[in-house]
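In the part that follows, the structures are each spelled out as structure tokens.
Both of the next two complexes hold chain A, though its partner changes from chain B to chain C.
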Partner chain A sequence: MNIQTNQQKTEAEEQLGVSLPTRRVESFHYTDLRSLLRSAPARLKEADTAGDNYKRLVDAVRLPFFDGRFFADLVDELPKGVTVSSDAVKAGGDTADDVLVAINAAGEGDAVSVRIEGDSTLEKPLGLAHVANSPVASACYHSVTVTSGSEAHVIDRYVSDAGIGHLSSSVTELSLEKGAKVHWFIIQQENSDATRLARMNVNLEEDTELNIFVLNAGGRLVRQEIMVSVNGENANLAIKGVNLVGDGAHIDVTTSLEHNVPHTNAEELFRNVVAGDGQGVFQGQIKVAQPAQKTDAQMACNSLLLTDDSNFSAKPELEIFADDVICAHGATVTDIDDDQLFYLRARGIPEKIARTLLIKAFVGEVVEELEAGDALEDAFAGIIDSWLDENI
Partner chain B sequence: MPAVQETIDTVATLDVDKYKYGFSTDIESDMAPKGLSEEVIRFISAKKEEPEWMLEWRLAAYRRWLTMEEPDWARVEYPKIDFNDIYYYAAPKNFEDGPKSLDEVDPELLKTYEKLGIPLKEQEILAGVRKHDEPSQLDEDPSDNVYSSGRVAVDAVFDSVSVVTTFKEELAKAGVIFCSISEAIREHPELVQKYLASVVPVSDNYYATLNSAVFTDGSFVYVPEGVRCPMELSTYFRINAENTGQFERTLIIAEKGSYVSYLEGCTAPQRDENQLHAAVVELVAMEDAEIKYSTVQNWYPGDETGKGGVYNFVTKRGDCRGDNSKIMWTQVETGSAITWKYPSCILRGDNSQGEFYSIAVSNGAQQVDSGTKMLHLGKNTKSRIISKGISAGRSQNTYRGRVFAHKKATDARNFTQCDSLLIGDKCGAHTVPYIEARNSTAQFEHEATTSKISDDQLFYCMQRGIPEEEAIALIVNGFVKEVIQELPMEFAVEAQKLIGISLEGSVG
Partner chain C sequence: MVKTNKAARRTETADRKQTHSILKELEMLEIKNLHARIAEDGTEILKGLDLKVEAGEVAAIMGPNGSGKSTLSYVLAGKEDYEVTQGEILYKGENLLEMDPDERAASGVFLAFQYPMEIPGVATMNFLKAAMNAQRKARGEAEYSTPDFIKKVKAAAADLNIEFNMLKRGLNVGFSGGEKKRTEILQMALLEPGLCVLDETDSGLDIDALKVVSDGVNGLRDPDRAFVVITHYQRLLEHIVPDSVHVLYQGRIIQSGDKSLALHLEENGYADIIANAA
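Up next is the complex of A and B:
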């Protein structure tokens, strides 16, 4: 790490073996990691496979990770065309922008590679099931390759029980080869003491189709980075997300799309709900390189603030070097519309229920458009409902 | 407009010969020694016959500046500036004692005004051809001519000094003080001391601090309570002498219930060396007051590589200090090799309003990093941002803005629209907004688009018999119209012409 600092190392920096960026680092402008993460839990030693959190969200083929360790003997029967091995090598990161990668490389946890090949179309979703059972800092790494013509749904899920102050770092390298089609769901339901630092790097080749959905419904300090590099013509990308920021939580979703070749499409839509004294952050960057003519990239970020102590910061950026493009972004921040609330209350619906209904409708729109299948959409709606029950 | 490779080529070959303000006027200058030191600051202060407190203030700023680092976060690239290779003070020698009347004005200078494009009617007044209340011979039908009053007071700043300020007496009758800042320091020290650096603190940023140490002139406007300034006020800034930095300082104070509209225009000669311009503009609007500040910036943009162009590092900020006050910034930025400028509003008073309308045109190797900040601190404050960027050639055009609502700024409301138009495939257009809501009643909307001129629009026009070049001009004019219509009439015409010149070859 080449973050210049004369300051004394914080406890967290000692523990993680990495210098943490302050808000002076532009990409961490709204998430001052150094002051938000003063201390980190002990490093992972033994993973704990106990507890009943290792449950299916929907019927899926699961690859279990407990406390960042991969348990090959607990893997469900793999469908044809899927190979899993623990021989992946973690990548390092050496700039302040890549600090989450550096934390991952320096941390304890397994590196697993998954390969989906041979024109496979997986019938059941593949589940990367992460369960944290111990108050430790863990760092797991996945490298997933979907080869030419294959199709898959992947549920990348993170769960932990209340009261465990763990730190989970994860880095995912996803590569889609020509013509591959993937739905990727990042479902984060960690407890309200948890810290989650996640990075996903994506490479898209020609004619690929990738739909990413991020659902943050937990965590105390969460930073989810998604960096997509579009390197093949006619690639289609959609990143959608719902961030539910509870009292005391700080949730940051940072995305960066690099369009490097002509004729690619991208759509980004995030809906955020901030309760209590939560802090929500969205940073979205769309970069269009000079050769990437005919790029069509749209980004929207809408936020609802539920209380006067909640806040939201957005930085939607466009960086365009090609002229024949259509790029746009929109961002809004507001509270629940009084007229809508009045409409419902005038029909005899109590205020609390009316508010919940409106919030559900606000975020439900994203889930409905996922085309992820009824089972998954119902499961996501269920997660949102239970978050609303607890937080509104 | 993809089919028109020709257009792109024309823009590419467009060269600075189009810059019609590239002359320099041969007037003997009185200069401070090159470089920056406490001695130079003492020299400037002595030249300006400033009181002791002002000198101390400058020296304190200089010492502070020495400890600061040049900011590098903007999307602009330029070789490191050698701050010791610049003249910090240059005054046309003939005016060292200050002109007593216009007759004493050097004819060379009047010629300069002409070249500066100061509207004809103003020149008549400047040249003493007519009095402002006489109808101009240029008016065909005075009844419907917006210029017929010709009532624009002008302060012309030439390198480091203000050479002439017109209409002073009439303004004084209304109680309005309009003079150069140096004069204000001497004549109205109580006002200057009270308000100077109250909006842009001395240590605000690197260039503002430098400006505080070495500023040489600029305008000062004070509009007393309840007065509606009877005419538009205007300043023309001109860098003339070689290797000279221009550091002007403008301070405008609108007391309770007053109104003032202020226009600013800038040009510079063509040079081989890059010229530095670091200005600070402070606006203070008290209760129910309104300030309208318009800029047409046409500093020399440099040759096709940006060489010789003006580096424009400007800090402009308005403070809506009183309730129901309003500040409106309108800018047309077509010049400068580098523009680094973020006219901002601090919406402190309840119900105060801030507006920002901007057109930034870049061509050749120009780099523009401009935008605004709207800081909502008072209750029920409103702001509106309309920014239109047009990039052509190999230029980079960035909008960078921040909208912030404090926890106590209940019912803050912002609307932001940033549109970029790209002409040619070698240029870049970027948008970097920061949106920060700290309370739930704030309502923020932001939208940004980037595109080229759409084929459909072009086809629609051409199909109706409008030639391509004219069609593009029409579409570009439509693109910037929302901003142009916010400019005072005198400037709107000039601005439209400037956009035409800047994009000549692509917009006809």
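Up next is the complex of A and C:
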């Protein structure tokens, strides 16, 4: 009997209107979506705008989304050069690899486009502020274009209160035109019952600079995909992240970089901390096409396991068709160094504080290297601190 | 339950402490018939070690390689790699073996490591502040304010020729051997312990660094403080002159004497003392 062809639709597949991949689909080998997501909440009907009191990370121009709906009348005053409209059209996805796009297209939620143009250098960050208030399945979509020579910081943040078992899907299309410079921060602070399925598609043109930072500090089931097409020479890309995987959580970050032209650089650095029986996944694919000579791509993924039951799977994947490139990857998995812990305790620092110091040091290096400005770096450190308080 | 037991033990040790002071037994450190083994494989390293060190005393522990010198220092500090199977360690009359490493430190035991750990990402200043305040908190004292803390560290660092800027870097990261040992002494000066255990503090030091470190230690000599100086060489004891010298061999103290014993060892080696003890 072939189980796969005969299998009945799960409750989640019925609800979402999409077939979910099992571990037989290679890109979902470590995140068996079909078994991890057996059921899904009801589809979004009306959004609840309560909880507008989530503290801002920093002074930002906020574009609010509640339960996947965009509230244009609650948008802060937009700076010159920024336009926002609700006329974007969601893209579809038809392969198993693109299932997160298919879920988004089939789901309820708003599609918004943002354009930053005219050599703007935004003084305040733009904040895509997502608050989930209802236990529903929602799907929002952003299309963001940063035109030639513009610079921006964007905070793409997801928050929800404890106990709200919602499913939030998002797809973000980000395009950097020639010479654009962007810092993009994905800050995920969902509650421990929430499911978050996110895809970011990026297109980089000539002379662009994109720094992505992913901070996963919550959620029950999280998959964040980042797919980047490097299509312009002298493009510089950095994807850095901190994944804090709590007890009962499954957090997956999957990246894919396609270098299609010569002389581009990419750096990926992830630091992961796994507590309880948490499961973490990092998949990093780098494809270097034949014309993409002089590509320099570096990838590192370091994980700290805090318990015997915690787990992290790292899969680097290089596909290189050019002959003059530098590509390197490295993955480590360790637990807390007993000798370092003893040294701190021998100076009178109690065990819990000593462990926290060592974990903060481990992930802090990523935050310090962001060059995101003191206010944001302090805010990120604060999120890490409060996660450690609750999980260590 | 654990807490209740600990509290009960504390009251017990407090009572004992009082008894001790009444008896005018001023031992800072008293080790009785100490047996300890490596937890992982059960190898016995300390085999009935006895040692008394009084307040104000500098006791040197010398001994050939493999005699158990470093094990003694780790057992005093509470490293979990070693298991004590028999015997007692009393510090100011309190049973050290019932305390966690951080409790020992807070009660005044300090180990200057032979190989201080490098801890990237933890700035030395943050580490010092965490340690000083944790100890003060454990003793029920108020934490230092930031300006007071910085003033204290600056003064102590200047005494040890430590550049203040170095303390903003990760703990011991990229420090030379001499810088690491000086930073150990800096920690000792700031934490003001009652019992200082120096584990081969002279190893890896050039003559100038040895002088700075020794001056630092000598500056901390005090009638209320005791030192256990573990070393291979007489050289260190020319700078830090001991009140007593003890020879550790195969996990026991086989001979004790004054500083002339160290000179004897320097000239004759351990052979005759070992032969006499056997």
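Points worth noting:
We take it that the second predicted complex is superposed on the first by the 384 of 392 C-alpha atoms of A that agree within 3 Å, B and C clash if a C-alpha of one lies under 4 Å from a C-alpha of the other, contacts with A are read in each partner's own complex, and residues count from 1 in each chain.
Criterion: a residue touches a chain if its C-beta (ideal position, glycine included) is under 8 Å from a C-beta of that chain, and two chains touch if they have at least 3 such contacts.
Since we're looking at a predicted model, the values are computed, not measured.
With chain A as the common reference, chain B sits beside chain C without any clash. Applying the stated contact rule after C-alpha superposition, one finds that A:Glu351 touches chain C and leaves chain B untouched.
After overlaying the two complexes on the shared chain, residue contacts for A:Ala91 are found with neither chain B nor chain C.
Contacts of A:Val325 after superposition: chain B is touched, whereas chain C is not reached.
In the superposition on chain A, contact is made by A:Ala361 with chain C only, not with chain B.
In the superposed model, A:Leu74 lies in contact with neither chain B nor chain C.
In the superposed model, A:Phe342 lies in contact with chain C only, and not with chain B. Seen from the CA centre of chain A, chain B and chain C lie at an angle of 80° in the overlaid model, rounded to the nearest 10. Touched residues of chain A were counted for both chain B and chain C, and B has more of them.
In this overlay, which is a superposition and not a single complex, chain B and chain C have their closest Cα atoms 12 Å apart. Common to the chain B and chain C contact sets on chain A is no residue at all. Residues 77-81, 100-102, 104-106, 110-111, 113, 116-117, 119-122, 126-127, 130-131, 134-135, 138, 170, 187, 191 of chain C touch chain A in their complex.
By the touch criterion stated above, chain A contacts chain C in their complex at residues 337-340, 342-351, 353-354, 357-358, 360-362, 364-365. Taken together, the chain A residues at the contact with chain B in this complex read 26, 29, 290, 293, 303, 305-335.
For chain B in complex with chain A, the residues that touch the partner chain are 2, 73, 407, 420, 422-452.
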